[in-house]
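Here is the structure we will look at, set down as structure tokens.
Each chain gets a letter, A, B, C and D, in the order it is written, and its residues are counted from 1.
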Amino acid sequence: MSMNSFGHLFRVTTWGESHGPALGATVDGCPPNVPLDASMLQVWLDKRRPGQNENTTQRQEADAVKILSGVFEGKTTGTPIQLMIENTDQRSKDYGDIAKTFRPGHADITYHLKYGNRDYRGGGRSSARETAARVAAGGVARAALQALAPKVQIIGYMVQMGVRHIDRSRFDWDEIARNDFWVPDAQTAVEWKAYLRELRKSQNSVGAAVEVVARGLPAGLGAPVYGKLDTDLAAAMMSINAVKGVEIGEGMAAAALTGTDNADEITMGPDGPVFSSNHAGGILGGISTGQDVVVRFAVKPTSSILTPRKSITTEGHPIEVITKGRHDPCVGIRAVPVGEAMMACVVLDHLLLHRGLIGENQGKIG
Amino acid sequence: MSMNSFGHLFRVTTWGESHGPALGATVDGCPPNVPLDASMLQVWLDKRRPGQNENTTQRQEADAVKILSGVFEGKTTGTPIQLMIENTDQRSKDYGDIAKTFRPGHADITYHLKYGNRDYRGGGRSSARETAARVAAGGVARAALQALAPKVQIIGYMVQMGVRHIDRSRFDWDEIARNDFWVPDAQTAVEWKAYLRELRKSQNSVGAAVEVVARGLPAGLGAPVYGKLDTDLAAAMMSINAVKGVEIGEGMAAAALTGTDNADEITMGPDGPVFSSNHAGGILGGISTGQDVVVRFAVKPTSSILTPRKSITTEGHPIEVITKGRHDPCVGIRAVPVGEAMMACVVLDHLLLHRGLIGENQGKIG
Amino acid sequence: MSMNSFGHLFRVTTWGESHGPALGATVDGCPPNVPLDASMLQVWLDKRRPGQNENTTQRQEADAVKILSGVFEGKTTGTPIQLMIENTDQRSKDYGDIAKTFRPGHADITYHLKYGNRDYRGGGRSSARETAARVAAGGVARAALQALAPKVQIIGYMVQMGVRHIDRSRFDWDEIARNDFWVPDAQTAVEWKAYLRELRKSQNSVGAAVEVVARGLPAGLGAPVYGKLDTDLAAAMMSINAVKGVEIGEGMAAAALTGTDNADEITMGPDGPVFSSNHAGGILGGISTGQDVVVRFAVKPTSSILTPRKSITTEGHPIEVITKGRHDPCVGIRAVPVGEAMMACVVLDHLLLHRGLIGENQGKIG
Amino acid sequence: MSMNSFGHLFRVTTWGESHGPALGATVDGCPPNVPLDASMLQVWLDKRRPGQNENTTQRQEADAVKILSGVFEGKTTGTPIQLMIENTDQRSKDYGDIAKTFRPGHADITYHLKYGNRDYRGGGRSSARETAARVAAGGVARAALQALAPKVQIIGYMVQMGVRHIDRSRFDWDEIARNDFWVPDAQTAVEWKAYLRELRKSQNSVGAAVEVVARGLPAGLGAPVYGKLDTDLAAAMMSINAVKGVEIGEGMAAAALTGTDNADEITMGPDGPVFSSNHAGGILGGISTGQDVVVRFAVKPTSSILTPRKSITTEGHPIEVITKGRHDPCVGIRAVPVGEAMMACVVLDHLLLHRGLIGENQGKIG
């Protein structure tokens, strides 16, 4: 019941603040004998790492992850894996002026009210820097998936930045890794670069939507009622900093559909059931169908902006807040690897749960 | 780690199938000395009860709830409260034809694959009938909230049915309870009645969106990172049958906003901070701000429709599925009290968690 | 985190009071397709049932268990199994005089202080009657074990009643089921009958020690540090009413041993390692060795006795308490099937956990 | 459901191996604004630290704990506290010879069978070195108790080493901290020193029993049935390495008592109820009475001894095992601060649970 943990059998607890000595994740429940070393996690951390191009914060962090436990001679042992990332570029003085003011739209005020004691340096625990720990943990989940269910692929990409959407008619899986925005469409990447430069110049930030797909997942993962695969995905994505909405398949658009439109019709293929469409996003009754599992989430714009906003101080005095420091104009970009990490953790967790509770699928078709 | 439970300190486990002898909820963690009797729960069950008008399934169920434990001389004792609702109108023969076929868009196929053994009568465990147990549990949560935090009000209403939206300029809280659709706007209720009649005639069903608001909530509820108030709300709502998307405040629309637009500016009022707007939906960094907590979710259209859809049998043979039986043309309507119940459970749970972990808010303003 | 639940994947929540309408257990996490009907549970309930001979309370309860959910056409479906036992012989007036007094050595006073509201009839929630629900749940666990690990046998027996111990040189497994005391030694049964009659006559009660053995368990169940098999067994047994001590293998006697004495030496047998002794009680480092798992627990004497004891009333006035009503002179006797039930639940839970987290044992010998 | 975590609201997850780079504890759920720095934890670690006298292992470890998160400007923030202890004196070569053999009575064989991959250096995860992390976490719990319930005192001491018991007629609380054995009796300390020297010379080890008392605890902590205070204490103590038995109050001796003997009679004192005795160990029905909470546990003798014992290799070949390296002749001595730490964690956890679920005691006497 830890407030900083997620997962059932594969259970991750993150810890650490933006400007403390280190942050990390305690990963419990990784199966033994999974090949693992720090370089396998670093790949994903590098994807999330700030300061790589003009579109993200200029904070320079190596984000070098160390494995302190749970791995022996290149393999997991089945015991807890401690992942530590030391903070190196902590210009705390950038943040001194927010010690006693609340950024509108930021967790400053709620932390203050609840705890009365917050590490204000860089947002402390509420900083998106915490997501580095999730990405490291997601790397462990990916390594375990590679060993247990090698067909599973997890791919995230942006589908919207501010008022700009991707053009799904140009969707190209291979393009995602080639551009700074993780968009499946080269032309969009060019356009967004200009759009974001404009926003940054106007001292503003912007929201985004990210889609994460798990491909190659077997049918049968999940459980009814509250241990649903989509329940856990919704919680996982909503727990990411700045996320305000989560959708499975059609998502909010399902409200506008009729039953005839929404029915993913079924035919029998050579390897089992084949669906004519995937309005359901690969999940029916909380259990995976064997289709792609499709999750989408919206990230709000960063509240740390250079445009002045009205607020108050801890003494209750009015103040105009301008947030200097180094911030992402669109945190949604770096949310892509975070969403992937959460998907990897949830999928591995449900694979283990399914194996534990059921063994293997008990029903056949044909 | 029960797959059929939710909540941390206030913990609900639902059980039962659509056509078994009974269904219910085991409610653990209700504080002692809360005035409670069955009639206080029945109010909410009656709101969800089917067969009350032409807009919902014609199944006739009294949905009479019995309290089997945890209440003594009209008050809770602090021990588990068992709530049982006996099933009475079980025309199982209606469902015999779905024993060996899969309704497109329904959990039939995933239950079959996973468990190999499903109570197909009325959808068994996957039936929306399970939500009666949630509503009963939500009634317990409401009673406890009334005792512990009497200012808290929880109100749900429909905001969309199919392509029709409510008109927020006509929003009237008092109207919600007056019409069959729980809409805050009398004119919409009239229009929707005609719209739904049309859909039913065309042997179709339709999706919906429901908004649930918790008013009067103190600031400070929730916790960072994974025990977030919004994380638990997202999970709670996504766990409801047929829900495909969950939003907090701006929700998916946050993706299109800029930082200046999204900032809920703060001024100091006589009783504490006052926010110029509520894009955040009353939650920042996972912790309540003291504003209204606003959650929205989309319900997909019922998959049980009279229009034929292509599917397969358990033997893998092609078949056209038409679902007779008594089904809701728009399950979203009856999802309103269910969403309220989930909100009540989550809010009470976080009140108890906050009291346990923090005591009372430790930071002041002014 | 329910206070009334135990188990990780196989999770049991009990509910109900001694003199309410019913009590029972909500069992979540039972694998699907396990053959199950009420008669399979009744066998174990009958073993615990009161009023069967002069050695136990004369309360007459049929203890007839009903399965309200989770079983379809004679097999489990993988969804929650609700087990209900209706209370029939509730002579509440027997207990009216304890509404405002506290029996020394009984939970009356702590319930009063904590909750301020207790169902005093028959001890309410603190009555050993709650253990009927555990026995029913244990019956589900046994059925699942029969399906998943048919070699596992779970057998409990008394090893001590008051100052009388069994004679292990006369140990006979077959004798256990033949006598009223579940002792593995016919002569002891005869002697204890006289001893207990004497105690009852002197209006007293007496403690007992019970041993429960799980035979045929595979090696590898459990996990280090806190998910230990012995940790869960200790918790399971200590949670039974009136239990004050729990031992694994040598138990408290291990304190007196030297390392040379305590070492269970290992040789290689035809089917794997063979141990020269079982001081460890079948568990090393929290993980099963493949030997018999041996747990022992002490049950204190019933506090409800006819001999007057000094106490106070809820007003704080002095009073002499004599507990009339129908009570067991030695609750340890009926604790035997309860201990077996807890063992069955823990063993099944760890089988599922092992399957989920590890799959199957990953190390071989030879 | 992490296998390496304990606690409900105050939740501790330990990680790390004996000879890895570091080990530690992730502590979640510590209330905010508790004064805390590393030196406050170091006090307790120093008490457990090896190599301090001839009675314990000669491994030299500074056991210097670092706080990596959750503390800001000398106070807890309410976010996870990461405690890290770097391993410095890792003579791994001492252990090379156990890589392929199993020490009788040790977890070597069960780890091998389950995981197929064990960090054999110094016992890896199964080493009692893991308890350093518990002691550090216990230090956090003590600091929080000091802030929340300053009357609570937690004191552990040895009551038995091998066949030698303390003499309770000479019990002196002040003596405990003065001798190497944490015994409440100076004469015993002298005798035990000679006894242990003898055992060490004979290349043997010996078991022990430790008693831990929590004084000044309010009545009302705990909950019935499974969230019992004694259930959690039993689990906490049994989870410590080498523990084979746990007792509350009379413990196993309760089996021999009659109801008249066992009744702790109650009278009314100036500040509430007064008990004539404490057979119950301060817990009735799983809930604290306000008396001292008394827990006792037995620690088996170290299996790592210089006397040869029969065993097998991973290939199944017979071998005689002699364990060199640096081992405690009586691990029970250093188990004293570990038992205290577990008690502190459980007590704090139940204080928070009680506050969350109940608020404050709802029943009065007089």
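As a convention for this text, a contact is a pair of C-beta atoms (placed from the backbone, for glycine too) under 8 Å apart; a residue touches a chain by one contact, two chains touch by 3 or more.
A quick note: this is a predicted structure, and the numbers were derived from the prediction, not measured.
Asker: Can you name the chain that lies farthest from chain B, using the mean of each chain's Cα atoms as its centre?
Answerer: D
Asker: When C-D is set beside B-C, which has more C-beta pairs in contact?
Answerer: If we tally the C-beta pairs in contact for C-D and B-C, the bigger total goes to C-D.
Asker: Per the centroid of Cα atoms for each chain, what is the distance between chain A and chain C, given in Å?
Answerer: 45
Asker: Let me have the rounded angstrom distance from the C-alpha centre of chain C over to the C-alpha centre of chain D, please.
Answerer: 26
Asker: In whole angstrom, how far does the Cα centroid of chain B sit from the Cα centroid of chain C?
Answerer: The computed centroid separation for chain B versus chain C comes out at 38 Å.
Asker: Quick check on chain A: which residues sit in contact with 2+ other chains?
Answerer: Correct list: 1-5, 8-9, 14, 29, 32-33, 78-79, 114-117, 125, 223-224, 353, 357-358, 362.
Asker: With chains as vertices joined when they touch, what's the shape: line, ring, star, complete or other?
Answerer: Contact pattern: complete, every chain touching every other.
Asker: Name, in rising order, each residue of chain B that touches chain A in their complex.
Answerer: Per the touch definition, chain B meets chain A at residues 1-6, 8, 14, 102, 104-107, 109-117, 125-126, 130, 160-163, 199, 204-209, 219-220, 222-228, 230-235, 237-239, 241, 244-268, 273, 276, 279-281, 283-290, 296, 298-305, 307, 309-312, 314-318, 332, 353-354, 357-358, 361-366.
Asker: Spell out the residues on chain B that touch chain D in their complex, using ranges where they run on.
Answerer: For this pair, the touching residues of chain B are 1, 9, 29, 31-33, 78-79, 223-225, 352-353, 355-359, 362.
Asker: Quick one: in the complex, what on chain D touches chain A?
Answerer: Where chain D meets chain A, its residues are 1-5, 8-9, 11, 13-17, 20-24, 26, 28-29, 32-33, 66, 68-70, 72-73, 75-82, 84, 114-119, 124-125.
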